[in-house]
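Have a look at the structure below before the remarks.
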């Protein structure tokens, strides 16, 4: 493959060589992505949402491999072989221009890949893979057992999260605990500026917009703790607006929620009645 | 050959008296502009105080908040003072009094013309380049401070509020300066030379956009004097309404950049449409000029939407309208919609000039014609057109109707097809090429390596289920740094190394250039590739304290970022060394390019062409020795002898 | 020509140098910390004051916290150094009128020793406001409408609403530091400090006069209504 | 000290600058349309959302009479300038001067009427979504309409200052008068369409 062989025989078949190297590179990189790197791609497997997201990420990463390899192999090859000969006489390359055949082929291939990606994404959305993302006040993609989902309201205010459980007397608590293997319907809203409720390991992310309700669904499948962070810049302590949530068994959840009800019973009666959107006064005081 | 219609140029010997240094000082120049800007600010601030006090008494709302009227009016005063001091108001006033339209201000000579209104597009381009690089280095300095803060996982170095201002200034200044960062310097300098014209369409407006950009940069720096702003460059709504006075500086400077962007775009478009030399048909236009045309279309149409949105926030803050106050009939989502309707064309205003420069540099150093000229132009127009149809992918999680998701997922992914055409062209041009690895070529090749990661991570962000994890996280930040810094800034550096010998006549040092390239390329990737992982592991954007598990990763990224900053200093050193100390003559065509601008002496004389040339072919006739020269310049006009009439 | 180019290069260097120096000053500007006075038994005392208007440059009409340092002087800072794993007794003199909580959930006292805070009306300012008059009574909940400010530290799970003086009060203080002769309420509580670290605290009542949602200006500025409890 | 400089003074014909202005005015009009489309979008977006049912606060209806006056002034000014443009031969005829003077004066009157309307409004800017869009749309329109008045005024002033019998040499201002007036017409038509949009949305839609 040295340059001497290139000039000795007929014009070396660069195209074939690049195709071979690309095929080998893809044959190596795709399995590596699927079996070696793939399992480590976040998010983990704590809820149905994260499992869907994990498969989507692995599929996208594997699809990206051939494209990545094609560009890398082609550029590396051309940098290695299509060089200016030594000496300072500047030699021009062949004056060839575009052949329509290759352009149409490239256009068709890229269009097919894009249409494939878009349909794959849409099918995923139809199979409720995008439920972790905020779907606004009237969600269209709704999981099967959404009727008896646990309603949890997430209230973002400047600079921490509080959670209300309407089916348990509308108790408000700064801690978030969810029963395992039960569908949860989050209603995310804010009382002052735009925040973004991000339960990282649960695979839920929904903007908390004042004056608007934002719905997200998740079904936790494993016990454990998950980080809750704010993913939309909301002012001074945006970076400190974190808390940790826990997924626990049904019995633990029952005891926990009862403990919260007693702990905050004195203030629950002063809270405004549970509603999907709050317009607290004063707006402009003074 | 339509030589008859080409008017013979007349050689005019004009002896102009250069006023003495004092004379120059007293004229309209940047020193007077600064003085008048400050005076304008103080005077109108006073008037604003009286109006503010009056409206406070009337509406009875709080005392401390009403200084917004005073600050905004003060800034309007500063703008008027700045423009008046530079002499921009003289022409409109003379037009109001009925004097006829003239094209050129009195042409001056000597270094003073760089410090005042000058209608020579080459002077404005160099002023633009110096201004953009000046603010680029300040914003880069911000990035270094951000990375120092992020070496510790809890906010210790700077106060939390100051950190947010730092992030906001870094983002806003980089985007403000980079959106006109190539249209201004390289566009203004090269487009007239490449299309065979002696001027831009509206020379005064061109100079106005440059001085507005400089003023916008300093007003944004003044945000720290007013207490900083917490909203980052996106300026989301209720937070912008309730922020301290620093947000007024953000609003006014971004509005100025919006106006400047629309004007520089309009000026570019009119120049290319009307001032092409005879023979310069649309299919002979260099690809760089096509890049400038498509970027200008986006600039002209998207910047006004930004201006409208910023005016709404200014009204919300000063006269208490409720555009974005949910409790009183407004909606914060309105800002997100308007901002991102401008926002996404804005990021393509940043990407397209990168494509333009790279596709112009590749043929010269691959010694091959640009492979698919029509496909490249189609790709650029495809990107420009599609960029108006994708903006809601920033709102996937904001609660928009989930029926919109598949549409915006499809259009966002579809935009990778025209971008793919740019890659196809690069690969076609490199096929059996004779590559010379000069510094501009290294930057062009690195552009494709970086933009590939930017594009592929874009696919992750466009797919809704995957976007649930990555929205608003460091994954997004790594994505847009790969496309903007990996794409645009690498292309800008390549463009500077390639065209500076033509603009100044002096060559940039090759060895220093190579050191700068390799340091910048390696440390850029070492800085931003790990941030993809940080994003997926749950590190939101714009936070100064993160999960302890990400600490070692952030320390590694910070150290790589400091080396990246050092590589930028190498570039600065190279600039100062080659332009100020060594000053090694570069000759008229150091890269042996066939472009029209390289057939002129460097630095280019004031009148660009002695005779408007007749263009024969497109500037990519590499590899065909019998091809006609790119243009016929006609017999040289012997200085001092009147041209044949 | 070279001298002139050198001149331009040096002016740029000076300009950038000036901007960098100002930058570092701006970024590191902020109030200086004061440390709580430590008693013999290892516990610490913190004495704070909340005024309706700071009264001095740069923001005379911003509402603000002040703290008494170990030498007894009132300092305009909100960063307090406290020893770790001990009890801190906090006394707050509150001079501002009532604004009311946007989220009534913060009307409940949480995270203090015993879950209570002691409220006293000095100069019976509460009369005529229809709200209960406090004279050194321990409360676990406060009517949400009567809160003027709160001392809330989510990282420590601490939340103490501070009752405001009634609007009927006459001699209200208008510039910091306010003497105890002005109408004020006094709030005393103590909380246990965890291990070393810096924990952010803030006021949650929308008390920023004239800003949207009452959350602008002083509510987003360290040194006025936000600060850090530094446990060292 | 003085320096002799040999420059090439290529005597560009006025048609080059005329084509510049023509294309420039079309781009300016498209940019202005995008600017006011943002306010139209804000109107429909806030009206559709009607957050806290306060898009149209009771009593926050701008009086139609004032709107009609502003609309009429703007349309009269545009019609006046169109008529003046038709009379324009070499920029010296009296009908041209009279009509263009009337055009820009009425245009200026529209701006004055608009700002006095704010003074007599019986609702403030905080009165809900419609009031905000009303203040935003009309104020920004008035400022950009001032730009149109400036353009008309410069053409009028140019013909007044220029002596009646000026011969039309290559560089004479009158050679540029007609193309500049045609381009100004394009911008005026765009602004009149925007004004009609504003009037319908802010005053008629209930």
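Per-chain residue numbering starts at 1, and chain names A, B, C and D are given in the order in which the chains are listed.
To be clear about the criterion, a residue touches a chain if its C-beta (ideal position, glycine included) is under 8 Å from a C-beta of that chain, and two chains touch if they have at least 3 such contacts.
Keep in mind that this is a model prediction, so the values were computed, not measured.
**Q** With respect to inter-chain C-beta contacts, which pair, B-C or B-D, contains the greater number?
**A** B-D
**Q** Suppose each chain is reduced to the average of its Cα coordinates; what separation in Å results between chain B and chain C?
**A** 43
**Q** Averaging only over C-alpha atoms, locate the centres of chain B and chain D and give their separation in whole Å.
**A** 30
**Q** Could you grab the centroid distance between chain A and chain B? Build each centroid from C-alpha atoms only and quote it in angstrom.
**A** 31
**Q** Which whole number of Å gives the spacing of the CA centres of chain A and chain C?
**A** The separation of the two C-alpha centroids amounts to 39 Å.
**Q** Two-or-more-chain contact residues of chain C, please, as numbers and ranges.
**A** Answer for chain C, listing residues that touch two or more other chains: 200, 209-210, 212-213, 215, 220-222, 226.
**Q** Scan chain D for residues touching two or more other chains and write them down.
**A** 51-52, 126, in rising order.
**Q** Any chance you could list the residues of chain B touching two or more other chains?
**A** Residue numbers touching two or more other chains: 61-63, 65, 160-161, 230, 238, 242, 316, 320, 325-328, 331, 333.
**Q** Between which chains is there touch?
**A** A-B, A-C, A-D, B-C, B-D
**Q** Sort out for me which residues of chain B touch chain D in the complex.
**A** Residues of chain B touching chain D: 7, 9-18, 59, 92, 95-101, 103, 107, 109, 198, 201-202, 262, 265-266, 269-270, 273-275, 300-305, 307-309, 311-312, 315-316, 319-323, 326-331, 333-334, 337-338, 341, 606-607, 609-612, 637, 639-640.
**Q** Going by the contact rule at the top, pick out the chain A residues touching chain B in the complex.
**A** Result: residues 14, 41-43, 49, 52-53, 56-57, 60, 63-64, 67-68, 71, 74-75, 78-79, 82-85, 90-98, 102-103, 106-107, 110-111, 114, 117-118, 121-122, 124-125, 129-130, 132-141, 192-194, 196, 198, 200, 203-207, 209-214, 227, 229-240, 279-281, 283-286 of chain A touch chain B.
**Q** Note which residues of chain D are touching chain A in the complex, please.
**A** 51-52, 126
**Q** What residues of chain A sit close enough to touch chain D in their complex?
**A** 211-212, 279, 284
**Q** Please name which positions on chain C make contact with chain B in the complex.
**A** Listed in rising order, the residues of chain C that touch chain B are 2, 4-6, 9, 12, 15-16, 19-20, 22-23, 26-30, 59, 61-62, 197-198, 200, 208-213, 215-217, 220-222, 226.
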